[in-house]
Every structure is written in structure tokens, then in C-alpha cells.
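Once you scroll down, you'll see the structures, which are given as C-alpha cells.
What follows is subunit A paired twice: with subunit B in the first complex and subunit C in the second.
Here is the complex of A and B:
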């Protein structure tokens, strides 16, 4: 933590960056995102087990961009999000300094995409055993049971769009959900509208989701949305060998055709 | 407020026979926004069109739905009629109640109801149609002709004589193709080279033709009027500007035993060679696979003897890029090879040869100078058996089609043989004689009646060697399926015509369709025989299907006429059904987020990047923009765009959505 604060002070003092996006004290025992703009505020920064939010979500916001060059405290999913945003032309190289935090809590300054790529290459993108078990459980359900499961989950949805707000890859200025000519997704929180919204969002995140889990954490009613994204990510990996957020320049499986692509999923 | 007119066609009995058109007209008249609904026997007829035009004027229609046949048939007709009445043609749509309804259903209530629904959805679409205007794209008035056989030569000459630039690309060292290998041609028995070489020379001398021999198409991008072709000019090893074609290098080359491709393996050539004395251009190429220098690293005899210092042993392949407006594929054919005929011993017995090899034996420019000598010992064969349909019309060989030219050339071969070997005996095994064509039947009769070729209707089951003779075991079905055994000195197989080995990859480069046998497909078997389904790419000659010389030439001239027609104006008019990225007032400018996944997905490279700048020139945002010339309106980008910032003109998301919701 001290290392991080020192680096933050250094970066702000030298003027290398104008703002550090990190975690600071929130209400009660919680942490929240803080935007440190003065060296003396660097002591606000916290880095511990509570710091899970994917801070890359702020990098594409016009208000944050207006602050100037940013450094962001970045756990692995955040680093992947930065690369994925780069692949989608939302960030340019050198625009962001990532203060990479390894799972052991060690900090590394990564100022180029290449450095992030190399850093990430040292860690596997495998799902944890627990995550795998949960997916496995869902897979083993009959289609009817699975449908029932998700219907029950989606029934809870109040359409607050917290999942969208928390997601670093939901950067569209005008979301499809706000489009009303035609009205792709019924706006009211009812069965069809909720199903439409979550399925379309999951499809939009296929081969893009970096598995940070923020959608589920943000959800006030506890829908395990990350499972949809993990399932799709695994399918894309199985079919096309593609993982999102590993390179700053990478193909998008859904708009890319290769002769060797297997087509056994077309039935 | 929309004022839609609905016009329902009986199409004679085609629609009215199963659909109650009167009820449909009545129902359609009650749809919201429809102010006029009528039926008529033939809407596409002149009175039918007049009904539409009059209604547009009298009822002040803002949109027209014609419920009739497929838009593939008459959409242009009705759109033109609307345009004549002053309505933007893209405000006219067709509801297909023939192919999608009356033709595929029984007469009944449900069928009528379906017709009503099909019109209902189209009315909803037309209400949201916007006036669109054709897109003009410039045309590059240069044609690319692929293949320098007789079809390619003819196409190139016709296009060039129409006043347009032509780039002729030939894979082998010389133009001429298979026709240059032939001895004489049916049905007139005029010398093939004598009639072909003047055309070859004309190509070489034509100021509007650029000839690239020993070159191949690497890739083709773009679209009608604006293709970009990359051509690989293979390293010839000889500087074409310096070489005079004196031939000293060929005389001095120590590698003299390479089977000549031009002589179909009947003769030999050197490693530095021209295919034949009449080659155009008459400049040799070095066959690096067989050249001593490339094998052992030393020799360079050609370089030493070349007075003009034209040998370039270190030359590399060169890729050139050309812009062309149209492409004519005239890449020709191949014949089925030895591995496919173990029962005939083809490839095992040297005296079992194919038709092309016989042509070289009979040709005055061939390895035997026109004397019929069998390959094994050079003796004049006393008995020759010709087998037609070797592979053709044979499902067991995977070739159900007729190779078309074999009946004629087999008759010609028998005739040529009898003209050269007066005492010789010529037997022809055949399945049927297909001699459709001007003077063709007479030609075959001549071979049988005047030249005494013995025609046996039946197939040959086996050929084997015994005491220096080839024993041909066949059957004569006209004599009650009696077995026939002939002791022959030589056997000529009329092996099937097949597509070139790389025809499939060529088709993929050109993005044209091809049939199961890899012959390139025409756009319509009867009415568009020289066009492909890819606009601006035309077909000539045997790359489309087996053809004889007159047919190949006729098709080449047809393709040339199509190209000349395309080049007759400097602009092409295209339907405006293309994708458009939205533009909005500031501060949004466009809902496009600039992720450019559409750029990667677009199969036509039609997505460009546009920088939106403020007054001081600072870039506010980079968004996608569609190049209207390149976009083909496939809609891939529309489906991919998460923000729905891209929409397809004429088929907008809103239109399609409303069509579905109307059901």
C-alpha cells in the first residue's frame, strides 16, 4: 500500500499524470473509487482485499478524460479491460498508466499496452475451481430447469441498469436500451423486457467481457449476471480459441471468419 | 400522413387461381394509411402500369405496394412506372404473393389470409420508406482478361478494338493456350496454328493491350467498375526489354531432356525455353526446377552466350497492382490424367496416350514433325484404337457430364491418322455420337464413310499388353453386345475435360460461384451466360463448361460486348441500398462509439474512419463512415453494431421491425 501511495505521489508531483484513479475509504468499512489529483491526497489510497471494483469503467467517461492523463490502480480484470478497450479503439497507447496489482498485492507500473500484455501473460485466464463448478452445475440442468432458473433470477430485476453502469465495456453513449425507434427492448421491468435486456447484454459482451464480476456485485437484487458472461466466454474460447482482453490489438470472434473455424455448433 | 396505394395482380391464374384477389383488395383497402386498393389481371402490363401512374397522380399517393410476383422479376418495372408518375422509385415496394404464397399453397381461406398479411407488412414498411437516390460510381475503363487461350485472346482483341485498355494475363510463358497445341481443327481441318498465330501476333502488337505472360492473378479487390488486381509476374530469368529471342541460350542449355508441357510430354525441351517457335512473346523463361544453376549453383551457360546480356538469374517474382473496371475469366480447362485410368493402362503403357498427345504427334510443329509414330519405339502404328468418353459421362469417374468436344476430335483424329497412314486401321469405340453443330454431323460421316474409320458402339473394359501389342477388350452393343478384341499398336483416349486444378481458388479470388466440378458458374444458364453473379466479372471459354473453339470464341466476343457496354459510360448507377452511419446534432455528432468492429467485419472494406472536428480543428471524435461506392448493402455491420448507429437504407431497422410487428 505504501509503495502505491509513494508511486502516486511521484506521478502527481512530476506531472506525469493528472489524476490517480484508485480505491479510498468509503462509508463504514467499505472502499470506494477516489480520484486523487494532488500529491498530498495520495495517502487516501487503499489497496487491500476489499478493492475489487473494476476502475477501468471510469477511463472512458468524458468527465474523467477531461481531467487529463490518468493512472489507474488495476487488478488483473482491470488490466484486461484496458486492453479490451484499446482493442475497441476506446483508449490509445500512452493515454493511461496502469498501476498493476498482482494477486499477491505487488504493484508494477505499466505505462504501455505492451507492458500490460507482458504482465498479463504471466497469469492464467482460467476460471477458478469454484466458478467452474457453478457453471458446471448450470450446464447439467435440463434446458427447462435452466430456463426456470434464469426466469426466476430475471424476475427480480428492477432495470436499474447498475450492471451497465458498473461495466467497463458498456461505454456506448446511447445504449440500445434507450433506443426507441424501433424499441428493441421494452423499457418496463417485466418478464419479456428483462429477458431481452439481459440476453442482449450478454450477447454484446461475448468475447468482450473480462470477467471482473462487477455486474453481479453492482446488482442490488443479486442476479448472478457474471455467469452468463462466463458461459459465453468459455463457449467463444472453446469454439474459436479467443480470449478477451489479452492483447491491445486483437480480433473479435464475432466479426471474424477463418477457414479453420469449426462450425459444429450450427445444427 | 401516409397515403399508400395497394395494387394486387392476378398474374393471370398464377395468383388469382389460389388467392381470392378481390377479398385481398378489399382487406388491404382497410389497412391504416391505405387510400387506394385495386386488383388487376396483369399489373406489369401497360394498362396495369398506367393504373399505378394514374392513382399516384389522382390520389396523391406517398407510397405504392404492388402485390404480385418476386421483386426479382418486376420491381424495376414498377419502380420505373412510379418514377414516371413523379414518385421516388424507392417509395414503391413489392409484396411477393406469388412465389411466397399462391405458388406454394393450396387454394383456400388461409392462402388468401397469408396474401393479406404479406401486404400488411409491406404497407407498414412503405410507410417508413424514404426517398432514395441512385449512387453514381466512376468506371475505370480498363479490362483485365485472365487467360491467354483463344477465348482470352478473342475477348482481349474485341475489347481493345472497341477502344478500351486491356490487360491480358497468361500463366504460361506464351499466349495461345490449348488451341496452339492442336494440329488441325474440326470440321474444316484447317491448321490450328495457322489460324491462331495471326491473332496472337495481333495481341502482341495491339497498342491497347498490355500483355503479362508467365504471370498470375494474386488477388482481386473492389467492385464493378473499380477493381484492384494484384498480379504476380513470375521471375522469367530473362530481361524482356533486352532479349531479342535469338534462341542461342536455348541451343546451349545443357538440360535437354525435360518433358515439354507444350508437347504434352511427347517431346523434350531445355531448362531455358520457349514453349514453341510461334510463342508470343518469343522470349524464353528459365524453369528453375530443372535448371542446373538453381540445382547445383553453377552453370550460367545461357548467361555466358547471351550477347544481349539479357539473362537475369537473380530475378525475383514481382507483384504489380492495376486498377481495372471489369474482369473476363478465360482460364480454360484441363484434361483428366493418367492416374484415373488404371484399367486402360494409361500412364503404364507408353502407347496409350490422350487426345492432346495425339494432337502433338499429328502436328507439323510437333516432336515427330507430323508423322504418326508411336511413343514406345517410334514405329508407325498399323492399328489405332480411339476411345471416346474416357471418363466423361461416367459416374464411376465422378464425371457425369459430357465433355462435348471428344466426339468431334476423335473423328478428326481417326481421319488425320487415315490421311497419314493410308493402310492403317482406325477403330473408334463410342457411346453416342454427339455431332450437333454446323457441318459437324457431315464431318463424322466423312470419317466413317470416306476415310473408313470403324465405329464400334460400346465401351472398352480393359487394355493390356501382350506380345508387343495392346489388347483392347470391348463390346459392340450393336451386334448384340458381342465381345470385341482388337490387337492395337496404339490407343488414344479422349479423356474427359475437367476444370483447371486451381479453378476453385481462382473462383474464390474472384468471388464468383462455381459448380461441383469447379467450372465457374454463369449468372443465368440461358439469359446471362457470360456474366457471373459478381457484377463486373464475366466468363469466356472452357472455364465455364467444356466448349469447342467456335463456342469459346463466341462467348469471348459476348463477354467483350458486355465489357464494352459497361465501359460505354463513365459512371455507373447503383441502387442506394447501402449502410449509413448516423449523424446527429452536437454534442453527440453520431451515436457511433468508434469501436470499429464494423471495419473488421465488412467483407468489402467499405468502412472508413471519419474525424469529427471542432471549429479549431481539434478532433472531437472518430466515427465510422460508409464508402457508398464500396458498400454492397449486405448488412453485416448493421447486425454487429451494438449501438445501432449503422442502418441500411431501404431496409432500416425500424422498417424491418415494423414489418414484423405488423404480423
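Here is the complex of A and C:
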């Protein structure tokens, strides 16, 4: 933590960045995003197990961009989100300094996308045993049981769009959920509206989601939305060998084709 | 005003439910789903969540559902047949907290302001509230700062307070409350001479409401204040949708060629779409202005026009905010600013 605070102070004092996006004290035992703009405020920064929010979500917010060049405290999913945003032309190299935090809590300054790529290459992004077990449990259900499971989950959805707002990859200025000519997704939180919204959102994040879990953490009614994204990420990995957010220049598996693509599914 | 005080034995709740159901009423009570608690229709008192400070969503949906049909239509040749909704089923909400009970008057002040919203009003008329006062509170609760208290009777038809024996001290507060007692008079025994106060949670007053409401009009133009407060706000609608007093809605028409339905859906001033004009212009283009609107509406405009605050201090918005926008903290900062 001291290392992080020292680095933040340095970056702000030298003027290398104008703001450090990090975690600071929140309500009760919670932590929250803080935007440190003065070296003397660097002592606010916290880095521990409670710091889970993917702060890359703020990198595309106009209000935060207006503060000037940012350094962001970045756990692994945040680093992946930065590379994925780069791959989607939302960030340019050198625009952001990542203060990478390893799972052990060690900080590394990563100023270029290449450095982030190399840093991430040292980690495995296979799902944990626990995550795999949860997905397997869903896989083992009959289609009817699985339908029932998701129907019950989606029935709770109030359409607050907390999943969208907390997601670093949901940066569209105008979401298709807001399009009413034609209306692709019913705005009402009834059965069809909720089903459409969550399935379409999951499809839009296939091979883009970086598995930070913020959609589920943000959901006020406790829908485990990350399971949809994890499942699709695993499917894409199986079919295309691609994981999102590993390279700053990366093709989007679902929007590309190659001559050697298998066609044996066409019957 | 208390009509009378009685004692309701803890094991009589189940019997009371049976009587209410036999009278044709549906009972909505807190029910756990995973880590969350929702007001749902229950068949038995045993289905209820045991220990909770506050439910995930407020009971607002009983009178103002998150999506409701206002009417349906069907083209018949050159005619249009309009089908209105049937009368709502009599409903008893059990186990809501005093802050939630107080919110019905706030909702009603909007739905019966200029236009008399018949759908809302008939639902409200058919709804009775058996509130359970709070024996516990957390750091997000601030009812006492906005005119409420853990044992407040406002808005309840019957207020139950759990006393030392585990039984409930029942305060029968309205004619609706009396009518429910009349269904099962044998369940309501003579009240002990006990003071409910000692069983209530302690919720300290956290800011000076008078100072806050005085300072808000002036704070309106303090752009830096709103910008700083809202920098971490993600612009979702979680705060509005868990709020018992938020009343904004959006009208959606869902139509096929010859039939359709007009829906009323919850909406939130935190969304950028909320004020977006057809032209593309948005009078509240940035999140800081939307955050300002939320605070000003609840604590200044509402107060002026409705003679109610738009907040009951339940703390749900702060508990559920994914970015930890703590409303109480922001209100305190404004009230205490020099």
C-alpha cells in the first residue's frame, strides 16, 4: 500500500498524470473509487481484498476524462479491460498509466499496452475450480431446468441497468436498449423484456467480457449475471482459442472470419 | 392516533394470516431469495424471512408496480375497444418497516396531486400495512433525520413491536387496522403495560434537516459540489428502483398491428435517457446534473410542492449503490457546509 501511495504521489508531483483512479475508504467497511488529484491526498489510497470494482469503467466516462491523463489502480481484470478497450479503439497507447496489482498485492507501473500484455502473460485466466463447478452445475441441468433457473433470476430484474453501468466494456454512448425506432428490447421489466435484455447483453459481451464480476456485484437484486458471460467466454475460447483483454490489438472472434475457418457445422 | 393497543402472540401471526386469506386478501411479506429479501405473496407465516434490517426492494411495488398495464386495446373493424384493468385484489403488506409505511403518503401526494391516478389510488385503498418496528438499524439508516423513527406509526394500519416475551405489542392505528382485528378478535389479547421504546433500535439524528433544506437552493449553482459528489456515480438506476419514495415513471406502448397495451414502468432521473429530447438535446447532459436533480427533488422541490420530503431515510439507495454513493454523507456535507 505504501508503495502505491508513494508512486501516486510521484506521478502527481511530476505532473505525469493529473488523476489517480484508485480505491479509498467508503461507507462502513466498504471501499469506493476515489479520484486523487493532489499529491497530499495519496494517503487516501487503499489496496486490499475489498478492492474489487473494475476501475477501468471510469476511463471512458467524459467527466473523468476531463480531469486529464489518469493512472488507474488495476487488478488483473482491470488490466484486461484496459487492453480490451484498446483493442476496441477506446484507449490509445500512453493515454493511461496502469498501476498493476498482482494477486499477491505487489504493484508494478505499466505505462504502455505492451507492458500490460507482458505482465498479463504471466498469469493463467482459466476459470477457478469453484467457477468451473458452478458452470458445470448449470450445464448439467436439463434445458427446462436451466430455463427455469434463469427465468427465476430474471424475474427479479428491475431494469436499473446497474450491470451495464458498472461494466467497463459497456461504454456505448447510446445503448441499443435505448433505441426505440425500432425497439429491439422492450423497456419494461416484464418477462420478455428482461429475458431479451440479459441475453442480448450477454451476446454483446461474448469474447469481450474480462470476468471482473462487477455486473453481479452491482446488481441490487442479486442476479448472478457473470455466469452468462463466463459461459460464453468459455465457449468462445473452446471454438476460437481466444480470450478477451490479452492483447491491445486483438480481433473480435465473433466479427471475423478466416479462409481456414471450419465449416463442418453447415449441413 | 392510536385507536387501541393489544397483544398479538407470536404464534398467532400464522392464524392471523389464515383469517386474512379467508377474507380474500393476498399477503405480501418479506421472503428470502439467496442473500436478498423481497416482498412476495406468502401462503404461510413460516415462509417469511426471519431476521432482516431492511428488505432489498421496498413494498412500493404493491401500489406502484415496476411495470403495470394502464389499459389494453383491440381494433374491431373501425372501432377500438379499450379494456381497463379490473379492481385490484385486497392486499395486506406484513413486515414492512415504519420508514416504508411512511412512504405511501409521499407516493400518494404525487399520484393525487393534480391528476387523480385512479389505478394507484384504488391499489392504495385496497392495501393495508401491518408494520413491524425496528429493533435493529445499521449505519445506512437515517429515518430520525427526516422526521421518522424506528417505532413511528405514520402510514401503518397496525404497528407491531416485538417485546421481551417474543410476542408483539400491537398498535391499532386506523379503521383499516381495526377491520383486520375484527376478522380475528380472539387473537388480540389485552396489551401489557409495557413501553415499546426500550425495544426499538437507536437511530441517532445525523444531520439538521432544517439547515439542509435552507442550504439546498443556494447549493444549486455550486457545480463543483455536485461534480465532486457524483464523480464515482455510474449512472444506473439502482438507487431510484430500491427507493420507497421515487415515483418517476416512463410510458411504454407495446403494440401489434391490431392490439396493444400501454405500460407504466419505473424510471430513474439517474439515467441519461431520462431527460433526452427527441431532437437529441439533453438538458441534463452530465451525471453531476442528474445527481443534483435527485438530491434537489427529494429534499427541496418535493418539500416545497408536496409538503413532504421525498425520502424516508431507509438507506436502501446507499446500501445498494454499486459505487458507494452514500446519500447520507452527501446530505451531511451540504447541511454542514459554511
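Assume the second predicted complex is superposed on the first by the 259 of 267 C-alpha atoms of A that agree within 3 Å, B and C clash if a C-alpha of one lies under 4 Å from a C-alpha of the other, contacts with A are read in each partner's own complex, and residues count from 1 in each chain.
We take it that contacts are C-beta pairs under 8 Å (C-beta built on N, C-alpha and C of every residue); 3 or more make two chains touch, one makes a residue touch a chain.
Bear in mind that the values here come from a model prediction, so they are computed numbers and not experimental data.
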- Message: Looking at A:28 after the superposition, I want to know if it touches subunit B, subunit C, both of them or none. Which is it: first, second, both, neither?
- Response: second
- Task: In the overlay, answer first, second, both or neither for which of subunit B and subunit C A:88 touches.
- Result: first
- Query: So, A:156: does it touch subunit B (first), subunit C (second), both, or neither?
  - Reply: second
- Touch check for A:166: first (subunit B), second (subunit C), both, or neither? second
- Compare subunit B and subunit C by how many residues of subunit A each one touches, and report the one with more. C
- Message: With both complexes superposed on chain A, which partner does A:241 reach: first (subunit B), second (subunit C), both or neither?
- Response: neither
- Message: If we overlay the two complexes on their shared chain A, which of subunit B and subunit C does A:186 touch? Say first, second, both or neither.
- Response: second
- Thinking of the overlay built on chain A, is A:214 touched by subunit B (first), by subunit C (second), by both, or by neither? second
- Could you tell me which stretches of subunit A are touched by subunit B in one complex and by subunit C in the other? none
- Message: Per the contact definition, I'd like the list of subunit B residues that touch subunit A in the complex.
- Response: 588, 591, 593-598, 600-601, 622, 636, 640, 642-644, 653-654, 657-658, 661
- In their shared complex, at which residues does subunit C touch subunit A? 33-36, 38, 56-57, 66-67, 138-140, 227, 230-232, 234-238, 240-242, 250, 252, 254, 263, 265-266, 268, 271, 273, 286-288, 318, 320, 322-324, 326, 329
- Which residues of subunit A touch subunit C in the complex? 26-28, 30-35, 53, 57-58, 61-64, 156, 158-162, 164-166, 178, 186-190, 193, 214, 217-218, 220-222
- Message: If we count contacts the way the header does, which residues on subunit A are in touch with subunit B in the complex?
- Response: 88-90, 171-176, 179, 181-182, 184, 204, 251-252, 254-256
